[in-house]
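Take a look at the structures below.
Both of the next two complexes hold chain A, though its partner changes from chain B to chain C.
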Partner chain A sequence: MAIFSVYVVNKAGGLIYQYDNYVPRAEAEKTFSYPLDLVLKIHDEKVVVSFGQRDGIRVGHAVLSINGVDVIGKNTADGKDIIEYLKDASNYPVSIRFGRARLSSNEKLMLASMFHSLFAIGSQLSPEVGSSGIEMLETDVFKLHCYQTLTGIKFIVLADPRQSGIDALLRKIYEIYSDFALKNPFYSLEMPIRCELFDQNLKSALEIAEKAGNFGAGS
Partner chain B sequence: MTVHNLYIFDRNGTCLYYNEWNRKKQAGISKEEEFKLMYGMLFSIRSFVSKMSPLDMKDGFLSFQTSRYRLHYYETPTGLKFVLNTDLSVGSARDTLQHIYSNLYVELLVKNPVCVLGQSLESELFSSRLDAFIRGLPYYSPRAA
Partner chain C sequence: MLMFCCCLLQNSELFTLTYGALVTQLCKDYENDEEVNKQLDKMGYNIGVRLIEDFLARSSVGRCQDFRETADVIAKVAFKMYLGITPSVTNWSPAGDEFSLILENNPLVDFVELPDNHSTLIYSNLLCGVLRGALEMVQMAVDVRFAQDTLRGDNVTEIRMKFIKRIEENLPAGDDQEERKMVFY
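And then the complex of A and B:
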């Protein structure tokens, strides 16, 4: 059981805080000889597998490193195009590490505002009167829990589907936000949260929630 | 315990079938617009979820809930989408949606030579069987709603 990440979205849909607590490793490294038996393509400035799923390398996985050196977007560390590099027989044998592409901060911003709109549509399409927006979204590998405060700030936690006590954690995060961001005289509303005490307390709250699953009565 | 409504979309976003049982509130827009909005939301949720996911997914998006209702989602490998809105007391409606697909949609529409797939479904047999099936569900009880 685990808590994957925490997002805080302001009332306009802007991401003001993001923290990755636990990133599961879904990576596979393999040494290839020429010619490469995988079909790669460029998608969103990354080189991803489009055909030839095997040995833990799945369609949609991105090239993370070549010969142990991390790649930068669609180029190798020394600026060569990955697709061109892998076409050249003289570069083989080559060891490539594949895995799920990690989100860039731009993508995180985009996803946060995307959720903001989905939240609103969820309440508009409600068949019942007086519905809130999306409070919990379930998939087979994670659950997304969202708590919107009266002032419109959304706290979003991504966790393992079996993790319990997330509702208490969301309220605890709100409490931490009120205590350490709002009461900080240098914090301006609606702006990204850069407060050390907020970070520290959030981390310890996540730790407690992962271990115990709740904060006991009254907190 | 109750069932609110059911949408069936094809892979192109056309709403093939819609019916409602205990729906208290309309979206305030025409049905056409509502179908587009619903399909658009599901489409975005699918891409949102596949980007957000920390691991590779198998079934992907299953359901979401708000303070008043829960939306259950089931997608077949051919891209057909079944969406069922119920109240919060219904845990998982995956089996129900799978049943609608394999025992009603496939049996009564795919195997029916006069049904044109990819258009709004007009089969009376399908509608009546589906209605009877939904009304017979253990969690269908309009009075408790």
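And then the complex of A and C:
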């Protein structure tokens, strides 16, 4: 998957749409016997590995599921505290899946408004008048592309650095927004977008963009 | 080519009929021309705030530097795109903040005649709302009204647009507030 996610931010900086198009590759599921040789700790409402990196399980990875059942925060699906559960020898052998913790929706909301503020700062720092604002944020594993419309809506796409044609994709997402979100009379402006047709068309636009611009990026 | 023209014609007739049904229903519901005019303006406003995004997404025009450019874009690009007509831009005020759009023909009023008991009805007032709503979304407060109307006996339909002010509170993040002033000739 060369296009990782799409975010749409409204004028006030609130996240109104988010779509993730990737499966994290770094996940490891292992069966353990008592005692557990990893040191776990609670961080941000999640149980993460703090020591004992091995076999694809890295420091910072969170417990994603126990015995195949996804965990909820720091408790198992049936409400038991995970650390307590793993201290009890009778629960072993246990199969635990570790991986990079995915962002919760609240975290995404916060990050979106932070980006909105950064964007404003970026434009104000500009030595020239009429700057377009932040268009791209580049790291070694992804590139964040941003397009702000004249009305203040921002379309943000996170993609593989080698993916091309994202500018056209951003314009296409703008068109899809103006068609399937705005022309839906039951959608109120600036509110979270919950339109089926918008989702469907966005997904097909992403597929087309991935096929068209993907030269050599492994999936 | 002929079939394409027929298709367009059929579309515009349905459009005229739909708009007519809307106005007559409003007249029945409100029984007062002033109230109907207000409702049409409100409905137009709601259309305008959405239409602007469609316009910007499809036409890829950039931000206008001054009100004259705005007038040109409205007349030559927007009206053409949505109504298939190109009104002319005239009657600029000396300060350059007011102009008129002269419509030779108005697709909304094909086949329409105003009866005597609706002499103060502004039949196409929806258009005023649309223009107002659309420009408000790109941070321009404008006043739009009909100065002349063929339905009320004038020779042409004239829409008068006046620039009131820039809307600073809704500026997209980063638009430079001091530098970007509207330039008037």
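Going forward, the second predicted complex is superposed on the first by the 203 of 219 C-alpha atoms of A that agree within 3 Å, B and C clash if a C-alpha of one lies under 4 Å from a C-alpha of the other, contacts with A are read in each partner's own complex, and residues count from 1 in each chain.
The rule is simple: contacts are C-beta pairs under 8 Å (C-beta built on N, C-alpha and C of every residue); 3 or more make two chains touch, one makes a residue touch a chain.
Given the structure is predicted, the values throughout are model-derived calculations rather than measurements.
When the two complexes are overlaid on their common chain A, residue A:L189 makes contact with chain C while staying clear of chain B. In the superposed model, A:E135 lies in contact with chain B only, and not with chain C.
Looking at the shared chain after the overlay, A:R171 reaches chain C, while chain B stays out of its contact range. Touch criterion met: A:R58 reaches chain B, while chain C stays clear of it.
In the superposition on chain A, A:T151 contacts chain C only, with no contact to chain B. Looking at the superposed arrangement, the partner reaching more residues of chain A, out of chain B and chain C, is B.
When the two complexes are overlaid on their common chain A, residue A:D78 makes contact with neither chain B nor chain C. In the superposition on chain A, A:K11 makes contact with chain C only, not with chain B. Of the two partner chains, chain B and chain C are each touched by A:Q124.
Common to the chain B and chain C contact sets on chain A are residues 117, 122-124, 126, 129-131, 133. Residues of chain A that touch chain B in their complex: 4-5, 22-24, 26, 58, 60, 100, 103, 107, 111, 114-115, 117-118, 121-142, 144, 158. The touching residues of chain A, when paired with chain C in their complex, are 11, 13, 116-117, 119-120, 122-124, 126, 129-131, 133, 148-153, 171, 174-175, 177-179, 182-183, 189.
For chain C in complex with chain A, the touching residues are 49-50, 52-54, 56-58, 60, 62-63, 137-138, 170-176, 179-180.
Across the interface of their complex, chain A is touched by residues 4-5, 20, 22-25, 27-28, 34, 37-38, 40-41, 44-45, 48-49, 51-69, 71, 85, 87 of chain B.
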